[in-house]
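Look at the two complexes coming up: subunit A is in both, with subunit B in one and subunit C in the other.
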Partner chain A sequence: MDTDVSQVGWIPVALNNAVQAGSAIRVIAGTDDIALWRGKDGVAHAWENRCPHRGMRLSYGTVCGNRLRCLYHGWIYDGSGTCVAIPAHPDLTPPQTIKVRTYRCVEAGALIWISDEDNSAPAIDGHWTPCRSLHIEVAMPDLPEILKWTKVNSVRPLSTYAADVALPDQGRLILAVHPMGSKGAMLHCALPASARRDSLLSASHWLGELRSRIEQAAVV
Partner chain B sequence: MTPDPFTLSHWYAIGRIEDFPNGYKGEHRILSTDIAVSHHGELNVTGPEGSMGVQTRYGHVWTTLSRDPRPLYNMPEFEEEGRRLVTAGAIAVRCSGLRAVENFLDMAHFPFVHTGILGVEEHAEVEKYDVSMGAAGDEIWATKCRFFQPMAAAAAEGGQVIEYRYRVAHPYSTILYKTCPLRDGHWDLIGLFIQPTEEDECIVHSFVLVFDEHNTDTDLLHFQQNIFLQDRMVLENQVPNKLPIDPRWEMPTRAVKSHGVTWSTTRFEKVA
Partner chain C sequence: MKLYDYVLSGNCYKIRLLLGFLDLDYEKRPVDFFPGREHKSDAFLKINPLGQIPVLEDGEIRIRDAQAILIYLASRYDKSGEWFPGQSHSQIAEVAQWLAFSDMITSTASAARLHDMLGYNLDIDAARAGAHRLLRVLEDHLAHQEFDGHDWLAGRRPTIADISCFPYVALAEDGGIDLFCYPAILRWIRRFTALDGFHSMPGINVSP
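This part shows the complex of A and B:
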């Protein structure tokens, strides 16, 4: 599945606990390389993973307060992606045109979602808790296809890539698939915040089995 | 892509002299071309069109795909008494060799990538320096480069402002001349001989040619290896890994722009 973020709306790229306040990680969405980081204020940002200066991956950068500093030459970008400081030239006010390409980034249902489009973000009621993320090596089938591999009582789609589902044994959960081009895909799972430890363990186990079924189906 | 004529016209280092002892036979690669190297009394390098030029200089074996190569540049310092040559061997890096040159010429990254060794964040400012063409017109020199360094060389103790000169003698060879902390009026040399294997892969051969009576060869080697390891992490994480040459994207290196180099570079339209 060769997906371009700009065509497909909101992609769930990580569980919300994958990136802690004050840190940055790298995620792949479709064919896009993305720096996902969270300021000290807790706000998550998704940026193109390339510094406008010499192209260093910004996911190697350091979060300074609510700004991101590139590892290579220490250029500092504010939350909007605009360069605010160039340490090699401390007297220079960086031109406004030095700006990182950013994605829209929201959190809902214990997931971090990104989009390139102007449409509204997935609406998810209630409080949720992150359960598990798994990597799948094979090209990921679409979500409706995946749901055929497991028994479901009901399905409410949240975007092309996620659904709020009720399972006979696990109860309600959010199942998200996140395509990563040639690098396979991720499966993410979140549970209602009221879920107890045994429900989390059992959902985690269920997700592992789902992955095995998807991978086996791909081999045949 | 076939290499452009300027890229093809040069000599490239393929390893240290001691890496090709008598009896040696091995496959190597330059500019996306397989070459065979053998040593039976004398060194032979063979490419797709037969026997190729070979010479040993500056501690390394050099070859060229050109039938009419530009002469290999001069480094008279290699003849000076009292200097020590330490070579670091071949390090493969997944980036354009031009990216490695760009990195080497760049003082602004010292405080952030080589923190506490070649720079500190409190002294990140890069002052103006002079850029000129060398006498023969095909070299570039950056002179009067000054930078505060907490530990500029293996032999240095404590921070000092170090004066540098950078020489781009060849699109894939660059030498740093640095004030010698032990001998006034002398320069220590640190350089890279880059062997471009593919447009986005290279092998870096580096050397140190210094006046230094205090450190062992191993100390000097470790200092260089440590610095290079830090650079390699950057070089393998730059996007794209070929050198962009459109001014809207990044500043091109002058060496690349003035000679019509296209191999191992990428156009803006392709990466935008």
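This part shows the complex of A and C:
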């Protein structure tokens, strides 16, 4: 599925515990390759996964304080994506034009969301805790398609890619999907913050079974 | 102690890791695995008739198989008893189960890496698909361990189970196996590389 991030609004690309303060990970959203990282201050950033210098994936980079340092030649970018230091030219103040392409990035409902658009972020009530993110081999068109594979009592859409759902056995949870082009999709699940071990485990099994049903149907 | 070693071998890396965690002195005897295929030479087959590395020699004792060497080193030299916990029968079995699992990772993820890095002729699609099936099992287990407040494969502390699974999981991308869809595995890799006494090898990207 060729999903252009610029046309689809906010995409949930990870649970909030997928990237810890002071680290960087790689996520795919539609056809975009993205470096998702947190400074020591805990603020999440989503950038094009490509150093403007030589194209190295920035997700291999090192977080230094609240800046990201490219693995390859050590170019350092501040939180806005602007290059602030080039180690091979220590006396040079890098021109402001050396800048990484950035996405808007917010956290809500234990999920990290990214967008290219200037619209308002998803409004999600209450406090939530991350449960599981599962890779699914088939590219899923949308959430309603996925929900056809399970019993639900109620669905309150949060965006194109996420809904607050109530299930007969699991109770209330946030179910999100994010398409990754030729690499399938991720299913993300968050539970109310009061959830303890047994609820998390139960929801994890439910999500795994949901994935199995969808993947097996796609093979047939 | 002498380790028959190859710098790019994940199985040799397992032994270097535990020797590092236990802070033991040893001698490295490099084996020209590629391109020399020294491990298949007549001379080396007298050391290990299976033609595989690593091999460990400790005095009169000679041991082949990475997992067997891990058991030997942990049970003989780890005074804390934590790397191969022997108190509970179920935990011994749990560790053994992951040691066996790590051999399955070797036959899939490591095979894919040998194909991509050294040009081995094998069914690369089958190797990658097999690795992903195993990584799903590992991902589920690690996520469920986290629900119990446990960071490691077999309990609250890292054991030789973690050491035996770590190298070829962390090196999987060398074989074209994406890890970005396994967040619990990525968290476990990050915790592992932050352990006291951890040593890296080429291909392991360590975050400070």
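By our rule, the second predicted complex is superposed on the first by the 219 of 220 C-alpha atoms of A that agree within 3 Å, B and C clash if a C-alpha of one lies under 4 Å from a C-alpha of the other, contacts with A are read in each partner's own complex, and residues count from 1 in each chain.
Basically, contacts are C-beta pairs under 8 Å (C-beta built on N, C-alpha and C of every residue); 3 or more make two chains touch, one makes a residue touch a chain.
In this text, all values refer to a predicted model and were calculated from it rather than measured experimentally.
In the superposed model, A:P90 makes contact with subunit B only, not with subunit C.
Of the two partner chains, neither subunit B nor subunit C is touched by A:K151.
Judged by the touch definition given at the top, the superposed model places A:A18 against subunit C, while subunit B stays out of reach. Shared-chain residue A:G74: touches subunit B; no touch with subunit C.
When the two structures are aligned on the shared chain, A:R57 is found in touch with subunit B, with no touch to subunit C. Legend: residue contacts after superposition of the two complexes on their common chain; A:H135 is shown touching subunit C, with no touch to subunit B. Comparing subunit C and subunit B on the residues of subunit A they touch gives the larger count to C.
Touch criterion met: A:R197 reaches subunit C, while subunit B stays clear of it. Residues common to the contacts of subunit A with subunit B and with subunit C across the two structures: 60, 71.
Listing the residues of subunit B that touch subunit A in their complex gives 102, 106-109, 111-113, 121, 124-126, 233-234, 237-240, 244, 250. Partner subunit C is touched in their complex by these residues of subunit A: 14-15, 17-18, 20, 22-28, 60, 62-63, 71, 132-133, 135, 180, 183-184, 186, 197, 200-201, 204, 208.
Within the complex, the subunit C residues that touch subunit A are 136, 140, 143-144, 147-148, 178, 180-183, 186-187, 190, 205, 207-208. Against subunit B, in their complex, subunit A makes its touches with residues 33, 49-50, 53-57, 60, 70-74, 87-90.
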